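Structure, as structure tokens:
Letters are used for the chains, namely A, B and C, taken in the order the chains are written, and counting of residues starts over at 1 for each.
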Amino acid sequence: MSSSSSCGISLYSEGVSYCASARIPMVYVNVQRGGPGIGAIQPAQQDYLQATKASGNGGFRMIVLAPDSVQECVDMVYEAYDLAERDQNPVLVLTDGVMGTMMEPVVLPPMKTDEELAACRAKFADRAIVGHPLGQQAFCRPGSVGDGQEKVNIDAAAMYETWDKDIRVEEYMMDDAEIVFAAYGISARISRAVIRQLREEGIKAGMIRPITLSPFPYDSFRNLDFNRVKGIIDVEMSIPAQMRWDVDYAVQGRCPVHEVLRSGGQLLTNDQVLKGAKEFIKEVL
Amino acid sequence: MAEEKKVYTRTKGIIEGAVSGFCPGCMHSTIHKIIGEAAEELGQLDNLVRVEGVGCCGLGQFYVTCDETIAAHGRAGAVATGIKRSSPNSLVYTYQGDGDLAAIGLAETLSAANRGENFTVIFVNNGIYGMTGGQMAPTTLIGMKSTTTPGGRNPEEHGYPMHMSEIINQLTAPYYIERVSCDTPQNVIKARNAIKKAFKYQLEGKGYSIVEIVTSCPTNWGLDPLKSLDFLREKMFAEYPLGVFRDGGEKKQ
Amino acid sequence: MARIEITTEACKSCSYCVISCPKKCLEIGEKVNSKGYLYATSARPEDCIGCAMCAQICPESAIEVWR
């Protein structure tokens, strides 16, 4: 497992791509900061497209988990190991500098038993390059000759097809929502508070919070009742907006999508999101 | 009565009225000052180009008046190569700490030195990582505590301190290599003269120069400024002796 | 007449000037600047010889010298 922040994650690109090609189970964390470049040291959410679509060369995919609390950070890293082991593929936990500097009480999951760890090691015994008798060579291969690389891609694509079952999403106050917030991580926390304030004023707001950013919960947006839902507010700390691409892809213009954004290390505030939401609500409701 | 004359004023190489972001007693600000003074004495402030590394050295971006860029961590040697080769008449220097130059940037540093690139490297060696919170650097001393060597650097586990002036002195191409410090007024003057000489050599097209400046880091050493001077003199100078390694292409050590 | 001027807002109380002055003119004073640092002051200005050792050693370029 490793972790870094934005520009440091760019340095990881080559390595992650190698791990994906060689089907190495690994977990890493990106605690996003302002970018691009060395950017700003303060928090941001500007690596969404890099994280979910193109973490390195070669078109590989990963499961990307997005916590919105310190407890989720703990739980998701723990789960990421299991997912990485299951798929023999890198898994990314995508968080941000606010999560990274937040302190909250947590309940730690139970430690794996010695037997579970031994079973994990046994599972990879054939593949681990630690020395094998003649004829049982283990080759950790981040590339291939002949038609070998295409076979790697075909196998990986088949694995990606199985990920629908791993889609996780939080649908907050969505039963009767007419205005839908789309946000992840710290933006989702802020949106949740704003939704409660809007509800107190009689506005039926709700939120779709992707928990897996990859695979993305397209159906949660695709299958909205657009007779009821009058508008979607995409809240992210990225200018230009990035998760909006996935929202637009699912919504296909069936209702207007508004953005409330900050970027470059500047933080969204409750007031800003509330104000932006109200301006949009005036237009569409 | 003779008229009074101003004999020392703040260099124009530093932004007027700016207070540096460096810690109390940190010699980064001293070094920024003497770089500005050296360039000013050579009449080169308008021609000066700075390639900054990443780390505490990055705080210089809010302090200097010359043209500058921030290289990716460790890549200042490569960026300076590009700048100097495309603008050979500019006076180009890199400004890097021990992590930037000797850890993540070791390849770029040695490659540029080996090619004999005609720029000046200012290498600030304080035996620790500053900006990131006091981790062990390649230059950390044996027994020295850091956040990644809480029990003190142990050679079996962590290897030995890296002496960059000596290592670069093994290459054929470099023209001028000197190790200095800024712990006394006399040494500050010596350090400024070394930088001025390196700049002069660059302007004459003589080749690669590096001035390694052994300094303290009161914050991450956990010592107040005056006590950190003691550690600097007793321990750091013992490991990194001051002096000229090569001058005019000729090895002195 | 030799004298110095200290930009008190730039002083970070490191004390390098205090130990470098050959005439022991300088001391860390009892007043703080806006950053909270007790800044250096010329405690015995009449002893100043204008050697500028204080100005040379000062990391923050906080001292100017006349002679």
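Just so it is clear, contacts are C-beta pairs under 8 Å (C-beta built on N, C-alpha and C of every residue); 3 or more make two chains touch, one makes a residue touch a chain.
Computed from a prediction, not measured in an experiment: that's the story for all the values here.
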item	value
Taking each chain's C-alpha mean as its centre, the one farthest from chain A	C
Chain nearest the global centroid, as defined over all protein CA atoms shown	B
Where chain A and chain C are represented by their mean Cα positions, the distance between them in whole Å	55
Whole-Å gap separating chain A and chain B, where each centre is the average of the chain's CA atoms	41
Inter-centroid spacing, chain C versus chain B (mean Cα positions, whole Å)	25
Parts of chain B lying in touch with chain C, wherever the complex brings them together	1, 4-11, 14, 19-20, 22-30, 33, 182, 184-185, 188-189, 225-226, 229
Complex interface listing, chain A residues touching chain B	7, 38
Residues of chain C that touch chain B when the two form their complex	1-3, 9-10, 12-16, 19-20, 35, 37, 50, 52-61, 63-67
Chain A-touching residues of chain B, taken from the complex the two chains share	54, 70, 72-73
